[in-house]
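A, B, C, D, E and F label the chains in the order they appear, each numbered from 1.
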Amino acid sequence: MTKKIYEYELDEAFEIYLLIKSADVRLAKNNKPFIAFTFQDRSGQIDGKFWDAKEDEINRFQAGTVVKVSGKRELYQNNPQLRITKMRIAHENEAVAPEHFIERAPLRTEEMVEEINRVLFEITSAPINRIVRYILNKYQKAFFDFPAAKRHHHAFAGGLSYHTVSILRLAETIAKNYTGINHSLLYGGIILHDIGKTIELTGALSTEYTLKGNLIGHIVLVDEEITKACEALKIEEDTEDVILLKHVVLAHHGKLEFGSPVVPHLLEAEIIHHLDNLDASINMIDTAIQRTKPGEFSERVFGLGNRNFYKPSELVEPDSK
Amino acid sequence: MTKKIYEYELDEAFEIYLLIKSADVRLAKNNKPFIAFTFQDRSGQIDGKFWDAKEDEINRFQAGTVVKVSGKRELYQNNPQLRITKMRIAHENEAVAPEHFIERAPLRTEEMVEEINRVLFEITSAPINRIVRYILNKYQKAFFDFPAAKRHHHAFAGGLSYHTVSILRLAETIAKNYTGINHSLLYGGIILHDIGKTIELTGALSTEYTLKGNLIGHIVLVDEEITKACEALKIEEDTEDVILLKHVVLAHHGKLEFGSPVVPHLLEAEIIHHLDNLDASINMIDTAIQRTKPGEFSERVFGLGNRNFYKPSELVEPDSK
Amino acid sequence: MTKKIYEYELDEAFEIYLLIKSADVRLAKNNKPFIAFTFQDRSGQIDGKFWDAKEDEINRFQAGTVVKVSGKRELYQNNPQLRITKMRIAHENEAVAPEHFIERAPLRTEEMVEEINRVLFEITSAPINRIVRYILNKYQKAFFDFPAAKRHHHAFAGGLSYHTVSILRLAETIAKNYTGINHSLLYGGIILHDIGKTIELTGALSTEYTLKGNLIGHIVLVDEEITKACEALKIEEDTEDVILLKHVVLAHHGKLEFGSPVVPHLLEAEIIHHLDNLDASINMIDTAIQRTKPGEFSERVFGLGNRNFYKPSELVEPDSK
Amino acid sequence: MTKKIYEYELDEAFEIYLLIKSADVRLAKNNKPFIAFTFQDRSGQIDGKFWDAKEDEINRFQAGTVVKVSGKRELYQNNPQLRITKMRIAHENEAVAPEHFIERAPLRTEEMVEEINRVLFEITSAPINRIVRYILNKYQKAFFDFPAAKRHHHAFAGGLSYHTVSILRLAETIAKNYTGINHSLLYGGIILHDIGKTIELTGALSTEYTLKGNLIGHIVLVDEEITKACEALKIEEDTEDVILLKHVVLAHHGKLEFGSPVVPHLLEAEIIHHLDNLDASINMIDTAIQRTKPGEFSERVFGLGNRNFYKPSELVEPDSK
Amino acid sequence: MTKKIYEYELDEAFEIYLLIKSADVRLAKNNKPFIAFTFQDRSGQIDGKFWDAKEDEINRFQAGTVVKVSGKRELYQNNPQLRITKMRIAHENEAVAPEHFIERAPLRTEEMVEEINRVLFEITSAPINRIVRYILNKYQKAFFDFPAAKRHHHAFAGGLSYHTVSILRLAETIAKNYTGINHSLLYGGIILHDIGKTIELTGALSTEYTLKGNLIGHIVLVDEEITKACEALKIEEDTEDVILLKHVVLAHHGKLEFGSPVVPHLLEAEIIHHLDNLDASINMIDTAIQRTKPGEFSERVFGLGNRNFYKPSELVEPDSK
Amino acid sequence: MTKKIYEYELDEAFEIYLLIKSADVRLAKNNKPFIAFTFQDRSGQIDGKFWDAKEDEINRFQAGTVVKVSGKRELYQNNPQLRITKMRIAHENEAVAPEHFIERAPLRTEEMVEEINRVLFEITSAPINRIVRYILNKYQKAFFDFPAAKRHHHAFAGGLSYHTVSILRLAETIAKNYTGINHSLLYGGIILHDIGKTIELTGALSTEYTLKGNLIGHIVLVDEEITKACEALKIEEDTEDVILLKHVVLAHHGKLEFGSPVVPHLLEAEIIHHLDNLDASINMIDTAIQRTKPGEFSERVFGLGNRNFYKPSELVEPDSK
């Protein structure tokens, strides 16, 4: 269908529909107002400035509106930027609903629900199974709607559940290939590990941290949820399975300096920490590589020690396409 | 009255009553069993080996027993050690109860109860006041009985409450001297900050970590207690005061790498972190200095970056004696 | 009286008197000169640009001049900035002396002199007492006039002595609550700990580092002053009290990586280090919080690991107002 | 069949065949010689001292000999130790060959050969395929015989190939679940990543570092092998595939401080680094857990930041047995 | 002769010939194109913007062209910047060849060749001597032409060989003053230590990293060259001298975190690491100091922990002029 | 002449004269006293235990006595140790004075005096020249007698001046090869840089730290000496040369975390830091290598990040013998 913004070449002229994600009015050095936009479509987000904005333009070009923009994508200090040459509100008969412009996980919600349900059957520990179902039920809507992070990785609608499902798939291979692993703990821990983000963040659109997110953090917020689930389900808090489940969730950042209040002291905690990291890394590199031309280096990825990544030249045929 | 073990000079011969804190039987290189003791009286703890132990000696010299020991205190690789020359069980008519040999906080429990009660009146925020009283009530006995740590600082019976009271006294000066401080948060946070140690540790005698202590840790354990208190008291969890109270407790180690899952984002959290550190440091240095001769350096203090501390020579008259 | 610049809301229009702290003329991209101002009044400092500056404006708007400015306070990349709409020199009959615009410590000099004098009586060690009085006398004027730092904390006229007095107050509580503390060393060390800043910095107005400040640093500069005081007062340099006094001053940054050439090996050195840190932290947070609206996070505080701080919403009533 | 040394309880008396791995004669404090042994059977290794050794005992009990030992396994400073009560050379008719006592990978060599051959077919890049086969061929014997490390992980005969095969299995799941991955690079890199250990180490028995291992290291040694393979196979060194293959091998330790001369700049390099880490971690934890009783913590694992790991109590039924 | 750009004072007007090193056309906020130039002459490089560029100006002012510029040198955010007031292409009869504008090492190539040849005679180990001559021969042209780094130190034509010669001079003093040093290893190691930069970088003009530079790095690239030299010269790779030579080259960054895959385990490796560092540091400080006025601090030097350096005031007479 | 202890092979029997450096009497596990000796001759120091010591042996074998010992040198946990088989006091007619057993710098004092005097003439700055001569004069005797450190490097009589002279030799090459260096500052700084060790340490025999050494440190102690020299010589302390001289001394450890209160901000300070490091490293490696057999690795060197160093096998002919 129509090309997305990141499917155009750099400096290639285009005319395209975009959703205004945010619109800040500021004063330029010539004392005239301009609008600092963030636009988005399903290929990603991009900033752009609209100079010499008139009163009515400021009123019309609000966040949440779909617009038709002529211009091109440039690089400004190595970051992509949209140079706007013309811009107008999309007409009603152009049939462009805002929800078509929001990046989404590549799996449909129903597929993810099904995958998670299948795994739930593998959780044979009664207390773990009941707690996981209880919390999943309580935050179900947000869990399948929220991104996995405000910015770094899986920062798109449905990213939280997509990240969870991706880890579960890897975990199934681990569970099959190694002995001595407690499947209930492994799968239960993975499903819950980031679900506190539904309390830490505000939602899929213009994602921000909540007060609880800033002052308590998603790791402890899940621990509280397990505590409350035990009270609600009349599960004895001192059951070893409950303590172990809390531990794998609390320890999943792997090191104190990454925000876990305890380091992994269980095989399953160590595995979850590794898989979480691995899936997030692949997602971040993949996002960066997709916006890079073959034979060139990507922009630097903040969440990966500011490294940039090389996209092999065309001659090297990636097997997986 | 009778001199304590650390009141004798190094290498000075003595005859003294001591409580056996622990007694491990091992095999020496000559294939004869020996007993590795840890003794204690109110001046502190000391290790000592009993060579060529006979069957009945092994049976009699059990942990929890009071004994009369002849010997002297030596330095072995810079650590104090007891050289035993003679040793027997204390007679019943010598009237030496085990509890007289356990190091205790220098304040009586009633004094500490009173000080804390006084401060509770300064907590004018209703939710904070109710939560603090609820948790204090629930763990009251342990709170006034437990040490503040297994080893590092305030490692004596009543150390947990004594450490808390010491910080409260400093906090009152802070509250008086600086403006803009929320007293409810400051005092409530201090009272709760280490109370999770009553769950993390096993008690005042032969203190060890519990499974919850190892896998969840006292910081998150308090957070869970606040969560449960809210449920029990029907306090809305999203009340800002509750979130702030949780934060000051969670952040009191000051840095992620010291085990806090969040860093301080409140003035009161920052203050509690500093005072906690300061009181613990003074206690550790004081303990080390007390066992050092004037004009010499103490043993190295593990909890303070392995530094040793100089005890000024007699000529310098400490004002506070 | 008249409102100060930080007492206005963001984006609220005002007409206000301000002192020009510095004025740099630069060329804009349109090749016309502009003036980059830093203004100040007692509520703090703020930058602002004056575009298309004419010859006579450049001549008139010099540092040290009081001006009447119309405009508003904005946020530019999260830092406060003054948008100037109109600006003129203050008329003589408007009676606005530059000294009314310099931020000052909240205590009057005489109060601080008195507090310090009172503490001097507690210094019973003759050599310490004489050395402290000698140095205090030598740098008296600057000590009560200088800020405690160029930027980070207590960066206002009188900040150095105010910081010192604040620490002394906390130290008195410490001295009362703990045993084994050498009061002479504690108080003497506190009074001298930062007095080298009178040599390290240039003064209260447009504070900069001196060559000695850059190449020797305030910590060693005090040590040199103690050395010279001993020579002048004929105090034997090898007196233990002198060595200890030097140590507490040299060690007050607590760690080598913070610029102390030795780490604390005395109880008093450790205490001074903690109190110095605590008072500076409270001051930095307090400054940041004062410019923040209830229910929001402050700007990030560079001196505190770039953390931002939450100002509780109105509902939480701070006790200390 | 017969129980292995780590299948006995602590302090349980046994009579057992063991291989002497090393035997050092030293002088005891009583001036009599003793032998410091390391024994091994397929359950692992253990140290033990033999006191008052006579001339002929010293001559008989050499490394490489199988002996029959009576004694028990103890803990000495938290490390396992063998207390020997009786010991003699195994008789010929007891039919105990040394090779029965060497720990081996749980997969037979043929199985591993087959798995690797299967993966080789997935390497569709001609230069990578040829280079990998060439090097594999050259070091084939050692590759299937060597351990993956002298001590830390997979420290048993065949450990190097077993570690490689384990990673390949995880990599196949990755290749299936994520798009944009170059399979040739991924599989080729994994097969070669540690093959330099066949040059770095001396072999499966009494493994030590070679001079090249100490001064060049296995990471650069593989790079040299690729360079030589290109010369031998007349593959142009500047082919992009060759450069990328070298990179994934050089970068597989992930960080400079872990000995990689470059950090990962390719998606495949990042993945190999993670999988290498994950498989090594699982192996180390598994080894520690196997020697631990349910409901207790293992010894500390040096290669994992000195953490210890909890073995859940019997009640928790591990799914995978 | 004619003054160079860094020989003019800040803000002093000049008319001067400069080589355009690079010229990027961008769009200004007023939507008119401007050219972002980097100019250079033998005193260094400087950026400058040319506003409102017309079509023909964009076509004429290309990289590699010599131009005559009127303007002045300014400081912009503490970095030097050229303000252009007039600019034209240099006339043919002005006789200004581009090569006169490239910064070069202060020694002529022939002098450096001679110095290195002299040292080659001191390399008495046959394998080391042959390998060094072979590689030097192979990369001779680039070795005397390339800079030692893209930016940090010796970033001028011939910088690589000049850096090498400077270290050799220091090494000769070391070799004379200390015993037990293997001269072949020391000198051979120094000559080869950075020669991989001829593969890592693209050349003396507009220096960039090559793909091999980014993905393999100059340290391993030399190791590969030694490997290939051995094959070509039929030198047995396991000769100890070869292993040692590889080691000193691989270890010359001194620490893993600086990119060496092994740390120095030879006296000669440690010495080379120190001398490399020392020479680079002197060069970086010297460059910064030359652009600083007496009595002032230089700009901050990124490669030296962002420190700035003081240039003593005129009164202090440097001995070496 | 007679062979020294480190000239014998490991485990080779010998009969040899040694100086008792220290002699501690302790109780063995069999309850009999033993003496823990440190012996020394000019080849180095070694520990050894003397079991079952009788009363008169304890009285006779005091520190400072020369004894004749039969025994051999062993390795105990990789550290050299002397196994004593026979031992008696040296007879008077054996003519063995204690001073013959103290390790000394390889240069005679007069040679070092002469070298330093020659360099003093190169210090053309009057204030620096006068200060350096004044301090050198004041501490002359100790300067040529003390070691450069208690343990790490140049830990022998005369080591302090020998280390200084070694650095001066390197500095002369630097001064000749690079421009822009202030020779007065360079040479003056080197001569003074470690002279504070004459106050920090107790002397050449059984070197310990003094109280000033522990609490002030040699770096600040030199700074104090410069301050006092200025007062004595009536040199204005604010002379730039004096400030710069202080700086190069204060900054010579190069980083705050190594104990310098300021980092180098002068070219000469940076050079002194590097040369100090280089000379100390060579000395430490040389000491370790001398005790190692060709083709083996030395013991680990604590002062060099616990690295061990390889001594090339005989085949590699070191040039410098």
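Convention: contacts are C-beta pairs under 8 Å (C-beta built on N, C-alpha and C of every residue); 3 or more make two chains touch, one makes a residue touch a chain.
Small disclaimer: the values here were computed from a predicted structure and weren't measured.
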Task = Name, by label, each chain that touches both members of the pair chain B and chain F.
result = C, D
Ask   = Between chain D and chain A, is it the same set of residue numbers doing the touching on each side, over half shared, or a different set?
value = same
Ask   = Just how far, in Å, is the C-alpha centre of chain F from the one of chain A?
value = 60
Task = Find the geometric centre of each of chain B and chain C from their Cα atoms only, then give the gap between the two centres in Å, rounded to an integer.
result = 38
Set of chain C residues in contact with two or more other chains = 29, 211, 214-215, 240, 244, 265-266, 297, 310
Inquiry  = Can you work out from the touch definition every pair of chains that touches here?
reply    = A-B, A-C, A-D, A-E, B-C, B-D, B-F, C-E, C-F, D-E, D-F, E-F
Note = In the complex, the residues of chain F that touch chain B are 27, 29, 31, 211, 214-215
Chain F-facing residues of chain E, complex = 122, 124-125, 166, 169-170, 173-175, 177-185, 240-241, 244, 263-267, 270-271, 274-275, 277-278, 281-282, 285-286, 289-290, 297, 304-305, 307-310, 312-313, 315-321
Request  = Spell out the part of chain F that touches chain D in their complex, as residue ranges.
outcome  = 28-29, 51, 74, 83, 297, 310
Key: Touching residues on chain E, where the partner in the complex is chain D   = 211-212, 214-217, 219-220, 223-224, 227-228, 231, 238, 240, 243-244, 246-247, 250, 256-262, 265-266
